[in-house]
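Each remark here refers to the structure printed beneath this line.
Think of it as A, B, C, D, E and F in the order they're written, each chain with its own count starting at 1.
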Amino acid sequence: MEHTEIGVVHTAVTRADRESVEALSAYGVATIHEAMGRVGLMRPYIRPVYPGAGLCGTAVTVLLQPGDNWMMHVAAEQIQDGDVVVAACTTESEDGFFGELLATSFRARGCRGLVIDGGVRDVADLEEMGFPVFSRAVNAKGTVKATLGSVNVPVVCANALVRPGDVVVADVDGVVVVPRERAAEVAAAAAKREANEESKRQQFRAGELGLDMYGMREPLAALGLRYED
Amino acid sequence: MEHTEIGVVHTAVTRADRESVEALSAYGVATIHEAMGRVGLMRPYIRPVYPGAGLCGTAVTVLLQPGDNWMMHVAAEQIQDGDVVVAACTTESEDGFFGELLATSFRARGCRGLVIDGGVRDVADLEEMGFPVFSRAVNAKGTVKATLGSVNVPVVCANALVRPGDVVVADVDGVVVVPRERAAEVAAAAAKREANEESKRQQFRAGELGLDMYGMREPLAALGLRYED
Amino acid sequence: MEHTEIGVVHTAVTRADRESVEALSAYGVATIHEAMGRVGLMRPYIRPVYPGAGLCGTAVTVLLQPGDNWMMHVAAEQIQDGDVVVAACTTESEDGFFGELLATSFRARGCRGLVIDGGVRDVADLEEMGFPVFSRAVNAKGTVKATLGSVNVPVVCANALVRPGDVVVADVDGVVVVPRERAAEVAAAAAKREANEESKRQQFRAGELGLDMYGMREPLAALGLRYED
Amino acid sequence: MEHTEIGVVHTAVTRADRESVEALSAYGVATIHEAMGRVGLMRPYIRPVYPGAGLCGTAVTVLLQPGDNWMMHVAAEQIQDGDVVVAACTTESEDGFFGELLATSFRARGCRGLVIDGGVRDVADLEEMGFPVFSRAVNAKGTVKATLGSVNVPVVCANALVRPGDVVVADVDGVVVVPRERAAEVAAAAAKREANEESKRQQFRAGELGLDMYGMREPLAALGLRYED
Amino acid sequence: MEHTEIGVVHTAVTRADRESVEALSAYGVATIHEAMGRVGLMRPYIRPVYPGAGLCGTAVTVLLQPGDNWMMHVAAEQIQDGDVVVAACTTESEDGFFGELLATSFRARGCRGLVIDGGVRDVADLEEMGFPVFSRAVNAKGTVKATLGSVNVPVVCANALVRPGDVVVADVDGVVVVPRERAAEVAAAAAKREANEESKRQQFRAGELGLDMYGMREPLAALGLRYED
Amino acid sequence: MEHTEIGVVHTAVTRADRESVEALSAYGVATIHEAMGRVGLMRPYIRPVYPGAGLCGTAVTVLLQPGDNWMMHVAAEQIQDGDVVVAACTTESEDGFFGELLATSFRARGCRGLVIDGGVRDVADLEEMGFPVFSRAVNAKGTVKATLGSVNVPVVCANALVRPGDVVVADVDGVVVVPRERAAEVAAAAAKREANEESKRQQFRAGELGLDMYGMREPLAALGLRYED
């Protein structure tokens, strides 16, 4: 993996295979995070900008400078059908780096959505377009085009490492990053996990207790849990 | 009142009487808080996880450990019809302690909802189920089952003291805790307050001013309020 | 401009002309902020209390004391048709300064909405009434009527200076303040900006890149942007 | 325990016995918190206002109203030698409720310090006086004297329940509350814990590992910890 | 007052008279804020970057762009002996806009310190130099020089309006802004207030209660304060 | 680079060469961050726990679970002389993962300090020992030893990627991570940068302006900066 560096655009990206991305798109973020062994989540301050937003795709990464969205335009050219853009920043910045015009451009290139550790604007338009965005802020503040960042370098976005081509899945529960090499394996584990849940759901619905279903009474007692009137 | 203690489950809970709980369920959180003399509110960082969520019931309390939801399963057994679960934590933790499977279990036991000073996940499912949850975060992060906490001890949740059996009411305006001994009295005071508001509403609608309705002009002048062109 | 002062109500306010306010009401906050030269925004922690809320009007300003909404009643009398109330506080306070009864009163006076650097309650009622409110918090906590503040003095609200009569516009992207003397000029600039965007939108939709549309390739190269496989 | 109520001063307080308070004053907050079974801590946002501040004493509790320090004067009369004042607020408020004059008054009554879920001012003077204060903020903002709160009712301060007469200990690591009935027991447990630490310290200093001292290798292996080159 | 505008440097500034500034420098921030009638404070998140920092002087104002400190160099030329620089930003940005080299430059021009709603670095050097800085963050992050802001326009800094030439006073309790026209009056009021405090201090030290000194018992009783055993 | 994984300890770590680490220890964090091309900084919420703390060494990385410090003991065995421990967590957790006993153990193994995206306690002891710690919180809250994490896997700590063997430098300005392969190059660039600063410092001290030294007047004018009386 190359180091994070400023002033470079990597044009050759190894993307996770389409089939695995498609498979992952069937699962929620919580399920995928569990299937990965409980790693890969972004910080929960990244939230959908409208209700019902969700996305799954391969990452085109962007490293922004504070208050400057120039690299978003550079990134647009690198988007392929099925990609999502993941935008990190060299520092904390909640300006409106992205709005309806860039969404129009990104969508025309085949982009499935945006995850950004920054702010966005034109949120009513984004909802009307159905262009899913997950961000740390909504902010009308405009940005400049003055300083270089990078495209398709590894970035840390909301405390998660994202490399170009990794799979990014986002829904109301959060955002998870699946390394491209693990995409197939994680999709399989997610399927297995979900299959396993339906029988539990039925048991819970019938009033059975997790204490019994999971055999918890003995270990709880062993640790000394006391029941008192 | 017993002290907060770790490693104990109290099985005998004195719940507020059903009639008072029913009566309280007719009022909003702001009204009940006023009727109580302006005490009993949780901090406003506790928010509904979906629009329109609301709950009213008697508290089963849970004291969680950070990143550990074991006690939620222990609590499930203590739930009776009409209860709500109030989950505090021994420290600040925003992990996803609760999701759709536990909601299914809780509901099967008669639970009317959850208030948690922590995170929850499967929020889309919770909305679809209509299982009301008020939390400090939405977070896909999974939890372990390794360390004892307690059930039905007095807890401090989002800066409010909650004892098992107290009435908890939550809506879009916040969460209020009514001590079980005061439930009937507070319901009566809420009724009185609300009855009193309709006439004021009519006066305001007719363009009358609070300055006149409440006789404020004199005390304002006495304190020296000046009107200038 | 008079200094911010406590204990005074200015009854003579020079409002922005109606025509300019009407013109500004046609544009979003992001557009107006750009048209002003990228100044005038409140901090993005001010958020609409229900989806779809929006407002545009001339400011009646209020300077509140913490946990005290007395001045809201004083302000009601100063409201004219087409005004919005902008409430700042002498300190940070998230109590519920405003609810459905005051909204009823304000509306009866011709008020188009509220922007408040504090908390509000009765949010479900406000949504049902369609009375738009932008606030820093939702909070059931009641307030007292004990200490003087001011009405129609210049205030700083969420880090933006607002003078009585200035135009305030709010939507999902944020809140912007247009000085009354600049209202006509800014409305014209907003119109020009918006007219300019439609052609760009078409180009983006057709797959054209900002890199080409805006002639960015040369300046990026001049700063040393490298493309690598 | 009486409920938290507004407008009352309890003059008869059962204080923890002096001997236990004296004993507890020998230990750090982390040790006492462990000796209590890991409960009783305030949230860590309460910080000392100058380096080296520390306190231990029996609580006189105050329930403040936002931006109003009237009850601090009411509390002064209730202070006995060896007390500390613990001030909670009915809401979040960071105004400067306390400064050098009140510290002079409190000290003259025998007060050993203040813990406040609010702001304080005159911090340079407090340091010079050596009057220890733990607060959530430093803030020059003045307060009014207009609205009733209470003195010596149970309060929740920074998410911890404090009853009049409980022991409060604070140092750079935080603030812990010891229920008055448990003071002797906790002091004994703290002594035992501290005695136990010196031998561990010697072993660590000699380069021994916790892995061996605590017999951790086997349980780690049992859970599947892998060592790889 | 001119509006806040981007891209302009005002070279003619009306500064508060030297005598008043000198007089104000003798008082603490809390005292001056009270003397002004409890207005003029910045938000308390602005903190000294080293213990004991304090400043008093006439404001040279700077409007920065996020992550860009170009205007600091423009401001340096406008500094006169006795000035302090007050730097606001068009948005929230905590980058390190200022360090030891700029401090050296500012000091050579006669500058008495900096108040900045942003980040600074080289804090150890600043302390060694004794150059007082009050900021919202300490941050090593470097900034660019690419986008215009302004110098000596009115700015809102940490929620306080500051005009060029106003007096700014900062100490451990916070930062207060005195409008240049009010400097003499406020200094006089501060002197009066401080004179008044010494006798109170003596009374408190002798054990007298505020309840008696300020005649509070009657109004408290009138509001219904109850004393109970 | 291996992926972040739970339940593994890597015993073979390629550390940055000692000479480069030694060289880097001569420079401040701001200088090194600039020398790296303005990347590699942790978020500024990581702060020294006592004044004057500083560290420079090669990273032993730890991935903690919330409220669980078991892996700190596992990490102790992997420490070599000149290492610093960098502890990330699978989620946000501010408990007291580290105190004086662990510091004694770490020091005995040759450890030069700790950087932790969590809380620590026994801060007075740490200062007395002179064991430098940089953390997000000070918190007396104790932790358990129940759940596996990892040691010497790549971690993201306070939004910065840290691999085992990378160089970590921390001082009052923040924390910077130098990839082990870049250590020599960055040290050289830092030396060059610092050499360059002394002449500038002399010029600034003599009253010269950055406007002239850096030739800024022309580009500022080109962008349209206006000077007005």
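Here is the rule we use: contacts are C-beta pairs under 8 Å (C-beta built on N, C-alpha and C of every residue); 3 or more make two chains touch, one makes a residue touch a chain.
All values derive from a computational prediction rather than experimental measurement.
Chains that touch both subunit B and subunit E are the following: A, C, D, F.
Seen as a C-alpha superposition, subunit A sits on subunit B after a turn of 120°, to the nearest 5. If you match contact pairs by residue number, over half of those in D-E turn up again in just one of C-D, D-F or C-E, and that pair is D-F.
Counting the residue numbers that touch the partner chain, subunit B and subunit C have less than half of them in common.
Subunit B and subunit F have Cα centroids separated by 42 Å. Rounded to a whole number, the gap between the C-alpha centres of subunit B and subunit D is 27 angstrom.
Each of residues 38, 41, 51, 90-92, 94, 139, 141, 147 in subunit C touches at least two other chains. By the document's touch criterion, interfaces exist between A-B, A-C, A-E, A-F, B-C, B-D, B-F, C-D, C-E, D-E, D-F, E-F. Those residues of subunit D that touch subunit C in the complex are listed here as 65-68, 90-95, 139, 141, 144, 146-147. The touching residues of subunit D, when paired with subunit E in their complex, are 7-12, 51, 70, 72-74, 76-77, 94, 96, 99-102, 104-105, 108-109, 119, 121-124, 137-142, 145, 147-148.
Interface of subunit B with subunit C (complex): residues 28-30, 33-34, 38, 41, 44, 47, 51, 171-174, 176, 197, 200-201, 204-211, 214, 216, 220, 223-229. Taken in their complex, subunit B has these residues touching subunit D: 1, 3-6, 37-41, 43, 90-92, 154, 156, 158-161, 179, 181-182.
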